[in-house]
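All chains are identified by letter, namely A, B, C, D, E, F and G, in their written order; residue positions are counted from 1 within each chain.
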């Protein structure tokens, strides 16, 4: 109770520290991320896998319009979790950054460089007054100099590089799952299998191929590719997971 | 009581997160939408149907001035629900976007592109200080590349694509109704019938043809057309619904 | 009591929603309108009638300086109710709009177009911080394409078109009166008679011809005309209403 | 007590409405006006009379420096009451308006036009944030098209035209006095007599010719003229009023 | 207690009126003036006298650096009381005004005109947000058209003209003293005598010639002249006042 | 409790002093620094050593992406502790400063000059409103005129020069350790040994070579060099420290 | 307790007066100055002495980096006390002022003129919103027209000229010491002796030559000179003061 009252004094102001050095608004933005369904990313030797839980509330709602996987450039994709409208702003920002880089330097933007451009943008909203932080976490995947790269941006504006990760709801469980199951020598199909098996562990009903978005960027083509539902169904069948429809 | 006090701390500030990651002002703007009468949209193979409950408080008030259906461009219409004055701002914004697109690229704006332009505008008002969110939801319908498209914008600035939907008062009941009655192979008349039957379920008295606005965009002409009251009466009669005046 | 405390939390901030989706400052601005004396408008086949209760507190105060009827352009007049100084700002805004339209397009501004320009201006003051809403309601009357038009602007910035209406004090009673007495086939004299009889019902003493302002715009001349007190006296006598001085 | 608490919630914010539609800061500015000594204005057929109570706290203080009567242009004077420093700002504003009018149109500014320019300025300070209202009321008197005109500006920014009025302390009593004593056919001397007799009723000691400022603008010369103390003494003697020094 | 609570509601906001029409921040700025030691001014037929109590806390502190008497232009001096750093800003403002006047019009600025420029500046800080009022009062003395003039500026921004006055600590007592002792036919030496005898009445120890600053502007030379301590000692001796060191 | 309540009054406002002259937001930013893992710096005759604890929460997280050691220019490196996203901003600022210096003056920036540029930037965020302080401390090391230099920047914006220091968690213990163990005549290997032995004392498990970042700038090459994990392992072995894996 | 509550109402707002005319933020900034160690200044016939207590918390911290004595121009030095990062801003400001003066007028800036430029800067931060006052006091010493000058700037922005003074911790005691010991006819060595003996009285351990910074500007060379530790040791020995190391 005391704790609550004291806490309130600091979390109402957007950009100030609490006595123990925390930024409450940033921590609450993390809660906004957790309210979204999960998105995952897996890095393999052959490329990067991005997947997202896109289950919808109503059969009349077009699944494709629940945007959680986004092509940023030929060689980079982003999976998001959290406040959808906020994510759209950062996705637009990322696309503009990619275009500007191409125009200015005549070459595709690097995955790490793009990620840090995004986190700088996010950080600004946590330090300067007049706006709230972004309630969204992103998984940035792509090929850079022939190497697959996989990054996370969190609401504080910190970039992290991962082998495999999850953002959004059930993040902790999914990362535990990946820590147990991930192997360095996965090929792209192995990465897809791992990502889908991860999403299958979330919720009571198991994975629904129609409620999943899947994208990959392989090191050979360096092209982001969105996978069709039919492909996903096949992967799910091969993984022997999913709900009662198999 | 505790809950109320805690809640107040977060919903007074426009653009900040609550400890559980919610944006109260956006949620309250959703309540403003619910205070308005319902508007519905139905997508069929032949085109898009927009309809709105435009019952007025006084017989002296001109029904046409209760604007809930708006022509944006030749091939796009919008139905709104919620705070009327806010809706007018977004409608004006949408019309300017459509004009600018025509001028700049020499071709009509896409339905999805227009929708996302509107949601970006809405999102700005939820993140940056100095203004409140828009208390309005829109149904954006039109033809894009020969295909009927039907979108929703909500007060958070998230775009959704639907087969059939409702915004405003009684949204939940209407969507339940559409989920039960919608079929993929509806023709435009079937879509009109579904929309009107939906609006008929709202309130105690059933639908009043003079208290309904109806607009359609068919794939053949790609022209938004507002339907006269006489036409609506005929549709209502054919649907065998409505109040005691039939 | 609880209710009051909760309410206070939301009505102090100018531009934010309450948990039930209301904008209290706009609702309080509506109260400011009710504190003013009534103004009425009646649309007839032959033209538009605007009338206002302009009773003054002191016999030394010049009635004409209690401005409630305003000529905006040759063919448009406005009656106001509520905070007088606020009304003056909107009247000036309307006049500038009319002049700009004439200069830019070489033709008089439309009544509907002018009304919507005013409501857009009003809406801005309800969404963006740093100012309070306008505490005023306007009745905009005029001739457009040979047709009489009659609009209302309210403090939320919503435009409505009416056949007959009242704003300010006793609005509800006056609209009830008009709903009972209004007929579609009124001529201009009939409209004047209706407007004056309406104002006669307000207060204990009945209408005082010297305490009423009357303006009309007829479809033939398309000219706004302010009526002299002598004329008003005659109308009052014919209507067999008014205080003990008849 | 309850009332006080509720009231405080609204009067602290400069530019917001209370639940009953009032602007407390404007009402408090009216109190600031009442704290000043009275100024009066009388309109007669031959011209306008402005007079002000300029009693000073110390015999060492120069009466003339207690500015309550101001020449604005050859044909216009202003009497003020309330917060002196605020009044100075509006007086300067009025003088600039008069000069600009002369420069731009080559003719003297109209009394009504000047008054409305002042009230527009006052209104801005009651609607837009970042400043408080002006704590001052003005009596604007002058000749326009050969006619004497007499206006009041109040802290809300509303202009009123009067035959005779008072602002500042004892306003109510003085207006009652004028309502009883004013006659339409007063000549300028009659107006001076009325103004001075009015000021004589205020306070316990009766009028002191040295503690009164008197200015007139007559229709013949259309010139504002400040009257000397000797003249005022004569008028006071003729009126058979004043303190024990007569 | 109640009173305190209610008062706090109004005095925290810089530029708003209290329910009884007062501006608390301005009144508190007056208290800041009273916290300073006294400065006095006396107008005589031959010129103006400015004097200030400049007693210092430590013998190591240079008396001259306790600035309370300031030359503004050849013919104008200012004595200040209150918040020293604030006074410096207004003094700089006054000097710039004097220079600008000389440059623009090729003649020295008038004493009254300068005073009013200063009070306009002061008033701005009491009406517009974002700054506090100036905690200082000034005595402006000089020669204008061959006449000695003596003005006061207070923290509200009101200009007053005086024959003799005091600002700062003990103002009331000093003005009482001047009211009793001042005569219209004083020559400059008589004015110096009066000023010094006034300052002698303040405090327990009587006047200390080394703790007094004295400046005069006589009508003949129209030059501000700062008097040396030796001169002051002689005046004090002649007046037969001062502490035990005589 | 009292203390807490009083404290809250001052730490909520970003840039104001408490009654005892403290800036709470700056002190809380120091707490944010302590929440981060430790970074250390050691200055030797032969060069500067920077080292940082980079243990990660998950084996899937790439250690390199936990950025705590940063190359700023050929001859300057920075180790950071605290809020990671804030550190990135200051690092970017430092790199821009170094580039600008090279471009403008054609020579590398001095270590002290760079440090003071950074602390000026930090100070701005503690005095001017609209933003919070930076929650980060930096250790700036490099070669200037052939001399090794080692600076600290703290959240108040104060620069300090050290022989050996630590920032972040366990700062006090680490400085105690360095005060006991540091010798003036250390060579670069001795400095590395001291830095690693310092980090070994932190936490329960001792140092993990894979969880440490190490950088040096030696006076001979004047080049910042990041050391590989293998090198670090060798140093750790030679120092006979670290966890159970040796 | 009451007192505390009332006080809090005024000290939270940066730039407003309390009911008794005080500016609490400025007074709290004075407390920030007292939290720093002492700096002293002594003016002699031959020049000015500046000295500062620069004891450090850790033997690893370079004493020179604890900046309390600053060369501003060839002929001017400044000693500071209080918030170090704030002091740096004012020092930079002073240096820029000196350079600008040299460039603009081709001659060195005067000591008094520089001091007043600094205090004007300080005052701005106490009157205008959006920033806190500077938590620092400065002693400005130098030669002007062949004369030694010694000024103080305090957090209110008031300049004072002294013969000898102290700022920071133990100010009162040190000024008492100087009042007792200062003589007008001191030569520069006498001034150094007085300054060091003053600092020796502070704290329990007496002066430590390595923990003192000493600078002088003599009238002959008009050059600021920083003294080496060895010199200081000699002065301390001659004064027969200091801790147990002598």
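The definition used in the following text is that contacts are C-beta pairs under 8 Å (C-beta built on N, C-alpha and C of every residue); 3 or more make two chains touch, one makes a residue touch a chain.
Protein names from UniProt, one per chain: A, B, C, D, E, F, G = Proteasome subunit alpha.
Because the structure is a prediction, the values reported are computed rather than measured.
> By the touch rule set out at the top, what is the minimum number of steps from chain E (Proteasome subunit alpha) to chain F (Proteasome subunit alpha)?
2
> In this assembly, which chains make contact with chain A (Proteasome subunit alpha) and also with chain G (Proteasome subunit alpha)?
Where chain A (Proteasome subunit alpha) and chain G (Proteasome subunit alpha) share a partner, that partner set is F.
> Turning chain B (Proteasome subunit alpha) onto chain E (Proteasome subunit alpha) with a C-alpha fit: angle in degrees, nearest 5?
155
> Roughly how far is chain C (Proteasome subunit alpha) from chain D (Proteasome subunit alpha), going centre to centre by Cα mean, in whole Å?
Distance between chain centres: 31 Å.
> How far is the middle of chain A (Proteasome subunit alpha) from the middle of chain E (Proteasome subunit alpha), if each middle is the mean of its Cα atoms, in Å?
Chain A (Proteasome subunit alpha) and chain E (Proteasome subunit alpha) have C-alpha centres separated by 69 Å.
> Taking each chain's centre as its mean C-alpha position, how far apart are chain C (Proteasome subunit alpha) and chain E (Proteasome subunit alpha) in Å?
Averaging C-alpha atoms per chain gives centres 55 Å apart.
> Considering chain D (Proteasome subunit alpha) alone, which of its residues make contact with at least two other chains?
If we look for residues of chain D (Proteasome subunit alpha) contacting two or more partner chains, we find 129-130.
> Using the definition of touching given at the top, classify the network of chains in this structure as line, ring, star, complete or other.
ring
> Output the ring sequence of chains, start chain C (Proteasome subunit alpha), direction chain D (Proteasome subunit alpha).
Listed round the ring from chain C (Proteasome subunit alpha), with chain D (Proteasome subunit alpha) adjacent next, the chains are C, D, E, G, F, A, B.
> Could you list, by residue number, the parts of chain D (Proteasome subunit alpha) that touch chain C (Proteasome subunit alpha) in their complex?
6, 9-10, 13, 15-23, 116, 119-120, 122-123, 126-130, 151, 156-165, 175, 178-179, 182
> For the complex, which residues does chain A (Proteasome subunit alpha) have touching chain B (Proteasome subunit alpha)?
4, 7-8, 11-12, 14, 24-25, 28-35, 58-62, 64-66, 83-86, 88-89, 92, 125, 129-135
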